[in-house]
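Mind looking over this structure? Questions follow.
We just call them A, B, C, D, E and F in the order they show up, numbering each chain from 1.
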Amino acid sequence: MKNSGAKGGRPISRYPVPDLAGLPEDIRTRIMKVQEKSGFVPNVFLALAHRPDEFRAFFAYHDALMEKQGGLSKAEREMIVVATSGANACHYCVIAHGAILRVRAKDPLVADQVAINYRKADITPRQRAMLDFAMKVARESQAVDDADFESLRRHGFSDADIWDIGAIAAFFALSNRMANLTAMRPNDEFYLMGRLPRQK
Amino acid sequence: MKNSGAKGGRPISRYPVPDLAGLPEDIRTRIMKVQEKSGFVPNVFLALAHRPDEFRAFFAYHDALMEKQGGLSKAEREMIVVATSGANACHYCVIAHGAILRVRAKDPLVADQVAINYRKADITPRQRAMLDFAMKVARESQAVDDADFESLRRHGFSDADIWDIGAIAAFFALSNRMANLTAMRPNDEFYLMGRLPRQK
Amino acid sequence: MKNSGAKGGRPISRYPVPDLAGLPEDIRTRIMKVQEKSGFVPNVFLALAHRPDEFRAFFAYHDALMEKQGGLSKAEREMIVVATSGANACHYCVIAHGAILRVRAKDPLVADQVAINYRKADITPRQRAMLDFAMKVARESQAVDDADFESLRRHGFSDADIWDIGAIAAFFALSNRMANLTAMRPNDEFYLMGRLPRQK
Amino acid sequence: MKNSGAKGGRPISRYPVPDLAGLPEDIRTRIMKVQEKSGFVPNVFLALAHRPDEFRAFFAYHDALMEKQGGLSKAEREMIVVATSGANACHYCVIAHGAILRVRAKDPLVADQVAINYRKADITPRQRAMLDFAMKVARESQAVDDADFESLRRHGFSDADIWDIGAIAAFFALSNRMANLTAMRPNDEFYLMGRLPRQK
Amino acid sequence: MKNSGAKGGRPISRYPVPDLAGLPEDIRTRIMKVQEKSGFVPNVFLALAHRPDEFRAFFAYHDALMEKQGGLSKAEREMIVVATSGANACHYCVIAHGAILRVRAKDPLVADQVAINYRKADITPRQRAMLDFAMKVARESQAVDDADFESLRRHGFSDADIWDIGAIAAFFALSNRMANLTAMRPNDEFYLMGRLPRQK
Amino acid sequence: MKNSGAKGGRPISRYPVPDLAGLPEDIRTRIMKVQEKSGFVPNVFLALAHRPDEFRAFFAYHDALMEKQGGLSKAEREMIVVATSGANACHYCVIAHGAILRVRAKDPLVADQVAINYRKADITPRQRAMLDFAMKVARESQAVDDADFESLRRHGFSDADIWDIGAIAAFFALSNRMANLTAMRPNDEFYLMGRLPRQK
């Protein structure tokens, strides 16, 4: 299974990628479930399985932020990921979450727009305010202050929503750095996903 | 229990801090254990308990990186935390982990040195190389490349050590942003800890 | 013809876009020629036709750099455009020239890779050196010195090639700023172009 | 003619400078005309004549922006050049256009002031707003937005004027990079021009 | 006396440190006075005594700003030193003036807070405005303008106070650079000073 | 005497400028001496005389660094001033010390070159190394290390020379900030000084 899904045999991580067979049961189950759902195994699962404990914490954190209900739509959560990952020049996250954003927003254009310059993207003023804040958390969180909270509240965000925005930006600050550290390579499948009219 | 340990009743988080009594059993147990060991509850436990699922993932990740065995000593792990948290101007993490670093290194000076300018700290050339890399992951992880790995190997770091260095910097990129988002306040106890000759 | 090609009637420029019929003969001819070749009129032609003299100079400069023969392949020229436009967060140029790069390189992945982080792209060491230099011209041209020329020569670039690399980065420093000034919107067609196996 | 006008035989470009005699007729005519008017040939003409097609496009663009009528005076156009070229540390453009600004503004002080720190220059509030915008286009054009346009309109600038300001900043983003790429050397004559009471 | 007070014999300066006995009378007297008052000789006196004339000018400047009466309390003056020295990553000044700030403010926490992120420190809004301005002088003094003065006046600062704030930030811009140039090492005594309840 | 020498009555400082008559004797004497030598009173003397104690310390420091004998020529000292003042966008210091540099170097071109981009100036490799280090002290003194000293020694600089280079950069870090704080205006006389063949 090593490096499967990689283009021309290019490695998907600087670190060894474990065989599915040798993985702990819970991790193997999680990976097989995502494969069933997506039709392929996103490389982040294989690259991070190199360290099972960190893998478990990483995906538990991810799911707590990205799969929960709340004031932000799932597409909006992915916008935060794509915008901040663009700012961090994270190859894996822009490509993989760009695909998920296209699918969740049912919009083939918005992911590239948000990745390049979210100020010019086809988004609402509320989403623009959300991304302004996410970028501040990503780039200079030490300057976050009460005025930021007030400005977001004026756009209708609750304090729980603001935690979500900031925490997603914070979690992908971690995720982008892990992807850059391991030179994680996105699966070729992501590049085209969600770009064609009816494609899931 | 709200805001306990805070100076003059100053809040320890922008968000509500739950009562110990109302917390899920596993979280309450974890908090009581740390209180027993340290003599007080570090505010990060109370501030993050506002979101139990994220709390669990956060501390699982933390322990996977900071409590494990490996080529880096516990003091060295804390050096990475303090140096990168200084670069991110994270009040909570510099103060709290500065205290832990003093205790673990049994050195009352090194934490302030590493927080202000690690290049001038009383550390070994190997530790300097470790911190150079951690700072690169913290500040421009997109530029990490093979030459960084080679340079660290020349200082005797294994590839597993390099993952540890990078992953700790990455995890505290998350942690610093959560502390800045929530305006997390360090306990007054941390400021003096490890500064006196025999103090634990 | 106003704003034709724009999504849901979104404007393609902050400035009025002239009707084809009212344009000077030479400009209309140029535009009709590109429409014939591409099947649509890239918005840059319409947006810049607002100022005919600048339009003529812009495309004369563009063609002098991008359509000439030389040591750089057409795909390599487009790599320079995409990498430096990514650094300048230029929505129009990353999307439009990303499409052209996919077509010219016959590679559906390379454009996104170069736009996000060229250091992680599937390119040769020679192309990596080319892009390092292009980025230096884009971001701090005042620091270009003899050592840069020597390093590029070691990768087999002639002095004429180096002029090409630098001049393309310089021309798109202009182009990116014009696109950002006018809020130029890329045609929807570009997003998918060159991503499917046999697509032109 | 090689390197004529250069101090102590110092080269005026990293690239060969053609003899006037060997240049295409239109370029030679243009150069002789400027020599007649100025009394010497500014080195930019000789350095860029190395590539005739790019020379033609460059000066056509230059003239379209700098020689036209409009809401900005010729001195104001030169202020934009000098301020943004200072920001880009472009030796040739600050010296040569500083001289032209002194002549056009009939003011021996303003060019040095604008080059060093335009905020402290002897200019009007309207000119200050003009330069604030020009610097934004020069340094972070991706952040240009509607609020910038509204602010400039309040200072009495038309949308055509704003295009002019932005386009001049954009064109000299190109020009500064070409000068830095080729290590273009300004003629000694420029340093003193416009500094003496009656000097042209 | 060489390097006295340094930890484990670590040098306190890259440059030779003179013996007290060999110093000019006025300098020796000054140093003995500070030793009497503090119980030890701060290393800055020994390191700068390497150049007597500069020593005299340095401390004359220091005293003119730090020992005078005026609208700023002595603790507030030290806050400016600590905040700007933190921004300049100056090991000596953060440690030594952090100690003085603790003593003068009779607050064991504020120095670390101000050094790490003054925006999160336990200070008044007036002190926050004072530090915002000091940081602007430290980091981009070329942008200081009338609006800064008006904003400070609204917080009750006189023009004389504003000179004091700016001049202290300016003087420590010098001082931080001298400490970094000479690799000046703070005395171990400073780390603990002012941290214990009744300690002077 | 208020604001004398200022263009069209423009103020030379944000702060009141004292009458010569009312100044302490030593300061008046110093100012009259410089007037005799230069033919006019440089505005820095009048602007800083607003605070006599700081005036005395400032000029004592200045003279200790700029008027002493040593391995750096007086022109080289002024090069350091002009280069670092350019980096700090200090209007007063670039204009006034640019004039002094032209006079001391007997070179009408070098000051503008060093102010704009010292890398392209007509200076020796040794002077280039000197300015590289001065700029490092001006901009990121926290990164100064042993390798910088070794590199300068290879260019023939003694440790005393290196102190001089760093200390001049440090002193003008102060001076530039004071000039920006007070909006100090250079005398009109400086602009032309040293530009004409025989001018002193």
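Note that in this section contacts are C-beta pairs under 8 Å (C-beta built on N, C-alpha and C of every residue); 3 or more make two chains touch, one makes a residue touch a chain.
Small disclaimer: the values here were computed from a predicted structure and weren't measured.
K.L.:
Could you work out how many touching-chain steps separate chain B from chain F at minimum?
P.N.:
Counted as steps through touching chains, the separation is 1.
K.L.:
Once the contact rule is applied, which chains count as partners of both chain D and chain E?
P.N.:
For chain D paired with chain E, the chains in contact with each are A, F, in label order.
K.L.:
How many steps does it take, at the fewest, to get from chain C to chain E if each step moves to a chain that touches the one before?
P.N.:
Between chain C and chain E, the shortest chain-hopping route counts 2.
K.L.:
If we define chain centres by averaging CA atoms, which chain lands farthest from chain B? Would you check?
P.N.:
The most distant chain relative to chain B turns out to be D.
K.L.:
For the sequence-identical pair chain B and chain C, determine the rotation angle of the Cα superposition and round it to the nearest 5 degrees.
P.N.:
Value: 120 degrees, nearest 5.
K.L.:
Sort the other chains by how far their Cα centres are from that of chain E and give me the top one.
P.N.:
C
K.L.:
So what's the Cα centroid distance for chain B and chain E, whole Å?
P.N.:
28
K.L.:
If you average the CA atoms of chain A and of chain B, how far apart do the two points sit, in angstrom?
P.N.:
So the centroids are 24 Å from each other.
K.L.:
List the centre-to-centre spacing of chain A and chain F in whole Å, with centres computed as mean CA coordinates.
P.N.:
It comes to 52 Å between the two C-alpha centres.
K.L.:
Suppose each chain is reduced to the average of its Cα coordinates; what separation in Å results between chain A and chain E?
P.N.:
Centre separation, chain A to chain E: 45 Å.
K.L.:
Tell me, which residues of chain E touch at least two other chains?
P.N.:
Residue numbers touching two or more other chains: 89-90, 117, 120, 142, 183.
K.L.:
Pairwise, which chains touch?
P.N.:
Those chain pairs satisfying the definition are A-B, A-C, A-D, A-E, B-C, B-E, B-F, C-D, C-F, D-E, D-F, E-F.
K.L.:
Once bound in the complex, which stretches of chain F touch chain D?
P.N.:
7, 10, 86, 89-91, 94-95, 108-109, 112-113, 115-117, 120, 122, 183, 185, 188, 191-192, 195-196
K.L.:
Using the touch definition from the top, list the residues of chain F that touch chain C in their complex.
P.N.:
Answer in residue numbers: 117, 119-120.
K.L.:
Could you pull out which chain F residues touch chain B in their complex?
P.N.:
Residue positions touching the partner: 142-143, 145.
K.L.:
For a test of understanding, state which residues of chain F touch chain E in their complex under the given definition.
P.N.:
Against chain E, chain F makes touches at 14-15, 50-51, 53-54, 56-58, 60-61, 64-65, 68, 88-90, 137-138, 141-142, 144, 149, 159, 163, 166-167, 169-171, 173-178, 180-183.
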